[in-house]
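Chain nomenclature is as follows: A, B, C, D and E, assigned in order of appearance, with residue numbering initiated at 1 for each chain independently.
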Amino acid sequence: MQLAVNIVVLAATYALIACGYVLIYRVSRVLNLAHGELMMVGAYLLVTVASASALPPLLAVGLAAALSLGVGVLVHLFLMRRLTGQPALAAVLTTIGLGILLRGLVVLLWSAEQQHPAQSLGLANPPITLFGGGRISTLSLALVLTTGAVYGGLFAFLRFSRWGIRMRAAGQNPLLAAQRGINLNGIYAVAWGLSTFTGSVAGILIALDSGLDTTMATIGLKAFPVALVGGLDSLLGSLLGALIVATAEVVLIQYVDPLLSDVVPFLILMAVLLARPWGLFGSREELDRV
Amino acid sequence: MIAPPLLTLEAVGVTYQRSIVALHGIDLTVQAGQIVAILGVNGAGKTTTLRAISGFVGLDQARVTGGCIRHRGTAIETLPPHLITRRGIVLVPERDKVFPNLTVAENLAAVVTAAAGTAERRRREQLVYEHFPRLAARRSSEAGLLSGGERQMLAVGAALLCGPELLLIDELSLGLAPIIVGELGERLKTIRSELGLAILLVEQSAAFALQMADHAYVLENGRVAAAGPAATLAADTDIQRYYLGTAAGERRSYRDGRTRPGACQ
Amino acid sequence: DEYAVGLSGAITGPVAGTYAPAVEALRLYIDKVNAAGGVNGHPIHLIVQDDQGQPSMGATNAKKLLGQDNLLLLLNTSLSSTYAPMIAESQRAGVPLLFAASVCPKEVYPPAQPTLFCTTAFASQFDSRATLAFVKEKSGTSINLGLAAMSIPLSRGEIDYAEGLAGEMGMKAVDKEIVPPAAPDYTPFATKLQQASPDWVYSWAPWVTEVKTLEALRKLGWEGNYIGWGHIETEGELARLKDGKFYAIGANALFSDRLPVQQDITATATAANSTYAANLMTEGWIAGMVVEAALKQAGWPATPEKVLAAMSHLKVDTKGLRGGPLEWTADNHFRTRQYYRVYRWNPASNGIEVVKDWTAYEVH
Amino acid sequence: MSEQLVLDGVSLSFGGLTVLNSVSFSVRAGELFALIGPNGAGKTSVFNCISGIYRPKGDIRYRGRSLLGLAPHRVAALGVGRTFQHGELVPQMTVGDNLMIARHTRIATTPWGELLGLPAARREEERHRAAVDEVIRFVEIEAYRDTPVGALPFGLQKIVGFARALAAEPTLLLLDEPSAGLTREEREDLAYFILKIRDRLDMAMVWIEHDMQMVADLADRIHVLDYGRSLAEGPPETVLKDEAVIRAYLGSP
Amino acid sequence: MSEAARRPLLRTALLAAAGLVLLLLPLATTPLLLDLGCQVLLACIGALSLMLLTGFAGQVSLGHAGLLAAGAFTVGILVKEATAPFWVTLPAAAIAGALLGLLFGLPSLRLRALYLAVSSLALHFIVIYLGGEYETLRGLSTGIMVDPPRLFGHELYGGRAWYILLLVVAMAVLLACRNLVRSRTGRAWAAIRAHETVAAALGIAVARHKLLAFVISSAFTALAGGLFAYYRGFVSIEAFSLYLSIQYVAMIIIGGMGSLGGAILGALFVTLFPYGIEAALSTLPHADRYAGAMFASNYAAFGLVMIFFLVFEPQGLIGLWRRWRPASAKAGRP
């Protein structure tokens, strides 16, 4: 039972982070290597909100998440917008630069010290015993529920509006997308905003559960393969990818050797990808048609 | 006071990569409901003209460096492509004309139809499938897997869905079977009169283009070399010979070799 | 007319959290010394360089610093991957190299290499000996011991040593978890530890691993005793966790002692408007004391040789920040005696208490 | 040697969609064989089957040897050259280098020789550069030899694509709509080149084309495909007057 | 005609002059600058080999640090366990790299684009895992010390000797890469990068050439790793984080994809830039008062400049160079 709980919590964490990669990749074929840092910035925003105001915890978290959405939009407006139409590679590198910038800024603004926003918010995190005897901390439960809600919302948004298709169209051929009346700027801004928002929610919940320092960015990077195995432009894929990787990790830790938990998931990912080269649900990007 | 023409280009210049000048000042007018053809040899700047009208997004590092493009009197050369499309000026590009990883249906769904309700949208989609039954059959296959001609149909269909007032078509007959070219020509004429559409057409087959169009421009090296009503140009043997490679009524066999030595220069 | 001292440290980059406060403290200490007239009437010029924990940058910094006129002493406050180039450079230049707040390389233990010194609190193997001795004292040896390390060689090496030692002492090592850096969730590791039902869990690792393993165990409902190495963060964390069965063993006194020197540190940090809390600064402060003492003993004008000679026979009064003086001999550049103390949070008194007072280990 | 290429009951389908339905024809040496049909009839798919890109049922024999099951690069090494409907050149490389790519199977250097820049490797390279220059001269695009292909207008790119296929010195040439996007004048040039190589090299050529005037003037025989089926085959005079062909493909003139 | 004939001559002369300056540099500079020079040269070897793989053969890799580590650990372990000499360890490192490259290149036969990155990430984690196991098992918890190598009875030590050695190796790698990309193999890579199926139909054995790219690039990378181990005298897994891979990716993109000159410019830029900013910041008054903030600013400024650079020059340094180089050189082109 505990095993299942562990898997679900880890999978939810990965999934919540990974959907940020998917959103941005989908609209622009850009791998956002600053996702981990943006997620970290979201969590640090909570630190500031918590220390600067006496808001109730839920409001503070909401405010920080909303701010992070703004951060994402700003990143697009001031940065990525200028790279519209440039090769994806240049944009990827720009995100590397952004990541470095953010890591520097975080140390500058918040210092490299470990932070505990839960404490300053006075948020308790008691474990809850589930029916099967497994235990889960309140915040982990919140994380699982949030992931569910975020995915539900995104699915609905992308399915019932045409935005899902337009995002993929913009990713494949921005010029043609614009010529078909799609507002590239708007769609990119939405993607960046949402991506930073979901990433930050993950960052905030992790920080509340177990503290925050600059290694948070690395956690973000760990979720990249998860998005990859599912297919870089598929949300369903990242959900499933998260489940696969989380299961592999937890089972390895439990029954084999915890040391392998860093390595073996990659081999599993590779096996999955060899069977389905564009990820489980990803769309084939290079067609062999001549 | 008379209403301004649908589209005017005044001394439009375009430069690629900050140094390659592709257009040296083009003047061109399209009146509402008119079909206008642009002719010219390869590299004359036909595609560039259409792309300038439909707007750049920094790809190819192309830039409108001079002149003015007006749509009903409003300057549009600085507008982003999606706003130009929403004004009703829609391009069918020469290459990369579909989203290869989207299915045919998704390609159509991706189109933003400015100010058209769901019902209207559905009607237009229906229209596209009616015009191009082959697309209906391939509705759920990825556009990248379509044959060359099917892609062309899809591109025209998607453009029609945008609800155009002015359709810019680059290389209409490219890769299309004769029967389809003929049909498409007829269809466009019908659509034109039904919807009051204007069409700006780039076409290699001068005969076909001049037969379709009301008015035509011949480009050479980024400049307008000749312009006039299509019938006049079609009758002008000098123009036929110098710019379009063949004189009207003349039917020379390809076996007879070339009209001039050392081509392609 | 200054004493030139150079430092290369991981002030930014992924590991900055551990090293940056120490550098800050050292800087504040030196400023204070200078404000009070310097050493032997001459100010100390501390030149700080950031290496982000990267070996190449460490090497460049060493070159840059040793290229300064008349550099007397070089300090390293960074990851061990920066050591090799710094050691090589300093030895060639004949300038002593002091490890402050970074892992003590084995060359500083007897028989010590002449030019390498270390003030850092923790010391591999000694730490585990002291810890297990404490555990034995509390609960005897017929216990189940769980172990947790981070998957970096340093931490794994120490925990492997502890595993062997526990066996020799008659304890039963029931489980050993090795956690990768930047694990998003520690619960899977904790689950496995818990299932081995240990009476005690011991972790010697970077602070994150120690504390997150503990928190995850507690969330799972495990109620045994937990002991971890006390890093600079210990003080704040004990107060945050308020866990009566969490013991922190370390070589630095916590600020709950309210020693005059600690009040001094607090005042200095506040005055300088430092971004780091005073209780993170002990390690850097001690390094500052040692640097001051060494320069003082070297006299004016000093040369690297004189400083080296001074450091080879140095005894620094740590004013209670450690269990006793820090003493170096020609043969021992770690310290002749290492003192350990164990703290915990006392829920009854709602404060930090000393569970076991300074115990000395002779270092031969 | 008469029958160079033989297709025998070639069928191909993609997940339910039948693209080719038992297509058979044969092409002789020195023959210009046109393949026509409506869009999506399966013309390009026939080429892809010959090239080894698709795996059809039936049999394809080239000079008596079955091509089925051979990897595309092996088919090319046997002397089957082709152009592509969409050009598919390497845009950032020069015209000359694009043509050098096509000589890949003919250049006998090893990576190690190249890496070390051995004189033998250099000589080999120069020899083939000369051959490529020859082709460039043949299609009269000397002026663009060192221009990156991406900067050329579409029409010239088609000519380069054609030249690239020639550079491989194939014995069977597959041309996929080489004239699409060319002006009348350029089509005349193309026709001139096609006739010249056929006569000079006695090469077998399969040619997909939508310009019926060109086909009528140049082709020796025509094969018509419609929805993956063979509709008609024969000399231009008869095929282009065939009722079924007019209905499916040409339309009323 | 004379224009065209003169240009190669001028070029050769310029190159020779540049080479001479590079060779004579060690006589004139400080140990610090020499060390920076050596760092740049090491980075050049790594960046060139990554450029070969990504910029020319079009195969994405995020595992460059893993290959560097593989080379470094091969040297470290051979020195530690067998006290093997220079001329054994370095070829061994290259061979180890080639084998790893072959192994982790295999997925490239099926995977494309970013999806390929997963095998390179796996490579990274596996090499680091094995390295960590070795360090732990042998009790080398702070890493492996590597003594300076001996060459012709001389201990190879100090900036000057290393500078010359690295310069020679970097030049050799540059020449080898240049020869390769300008020949049959390089053109095959370009074709594969543009369109695999078309390349195959043109007669290129796609699988073989992809693997070849992995093998050659990985061998060079591991060689750079081995040299790094000797030069730094030290090997530990801490020195090969994922961020190192990203730095190398940054080098080739900043430099300009698909250009060997770009790889070199990128290596130069990424290696030297932080020191440049630091030097600039430290000229500010009372710089050492704000040391903590300054280093964080330095770190942030690096990111900022990188961003500015990309926004205004997405073609990379090589694009800048092409645009700004003397008009006379451009005029010769058609």
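The criterion applied here is as follows: a residue touches a chain if its C-beta (ideal position, glycine included) is under 8 Å from a C-beta of that chain, and two chains touch if they have at least 3 such contacts.
Every value quoted in this text rests on a predicted model; they were computed, and no experiment measured them.
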{"item": "Least hop count linking subunit C to subunit D through chains in contact", "value": "2"}
{"item": "From subunit B, the most remote chain by mean C-alpha position", "value": "C"}
{"item": "Between subunit C and subunit E, centroid-to-centroid distance (C-alpha), Å", "value": "36"}
{"item": "Distance from the mean Cα position of subunit D to that of subunit A, given in whole angstrom", "value": "48"}
{"item": "Between subunit A and subunit B, centroid-to-centroid distance (C-alpha), Å", "value": "43"}
{"item": "Gap in Å, rounded to a whole number, between the CA centres of subunit E and subunit A", "value": "31"}
{"item": "Residues of subunit B touching at least two other chains", "value": "145"}
{"item": "Multi-chain contact residues (two or more partners), subunit A", "value": "86, 103-104, 107, 111, 218, 259, 262, 285, 288, 290"}
{"item": "Sequence positions of subunit C contacting 2 or more other chains", "value": "12, 14, 20, 151, 275"}
{"item": "Parts of subunit B lying in touch with subunit D, wherever the complex brings them together", "value": "20, 41-44, 47, 94-95, 134, 138, 141, 145-150, 152-153, 171, 173-183, 204-206, 244-246, 253-255, 257-260, 262-265"}
{"item": "Complex contact set, residues of subunit C against subunit E", "value": "11-14, 20, 23-24, 27, 46-48, 50, 52-57, 59-60, 63-64, 67, 79-81, 83-85, 88, 103, 105-106, 124, 151-154, 156-158, 160, 275"}
{"item": "Contacting residues of subunit A [partner subunit B, same complex]", "value": "84-86, 162, 165-166, 168-169, 172-185, 283-285, 287, 289"}
{"item": "Contact footprint of subunit A on subunit C as seen in their complex", "value": "12, 14, 16-17, 20-21, 151, 177-182, 184-189, 191-192, 207-208, 211-212, 215-216, 219-221, 233, 240, 275-277, 280"}
{"item": "In the complex with subunit C, residue positions of subunit A that touch it", "value": "2-3, 5-6, 9-10, 13-14, 103-104, 107, 111-114, 116, 119, 125, 127, 129, 135-137, 140, 206, 210-211, 213-215, 217-219, 222, 249-250, 253-254, 258-259, 261-262"}
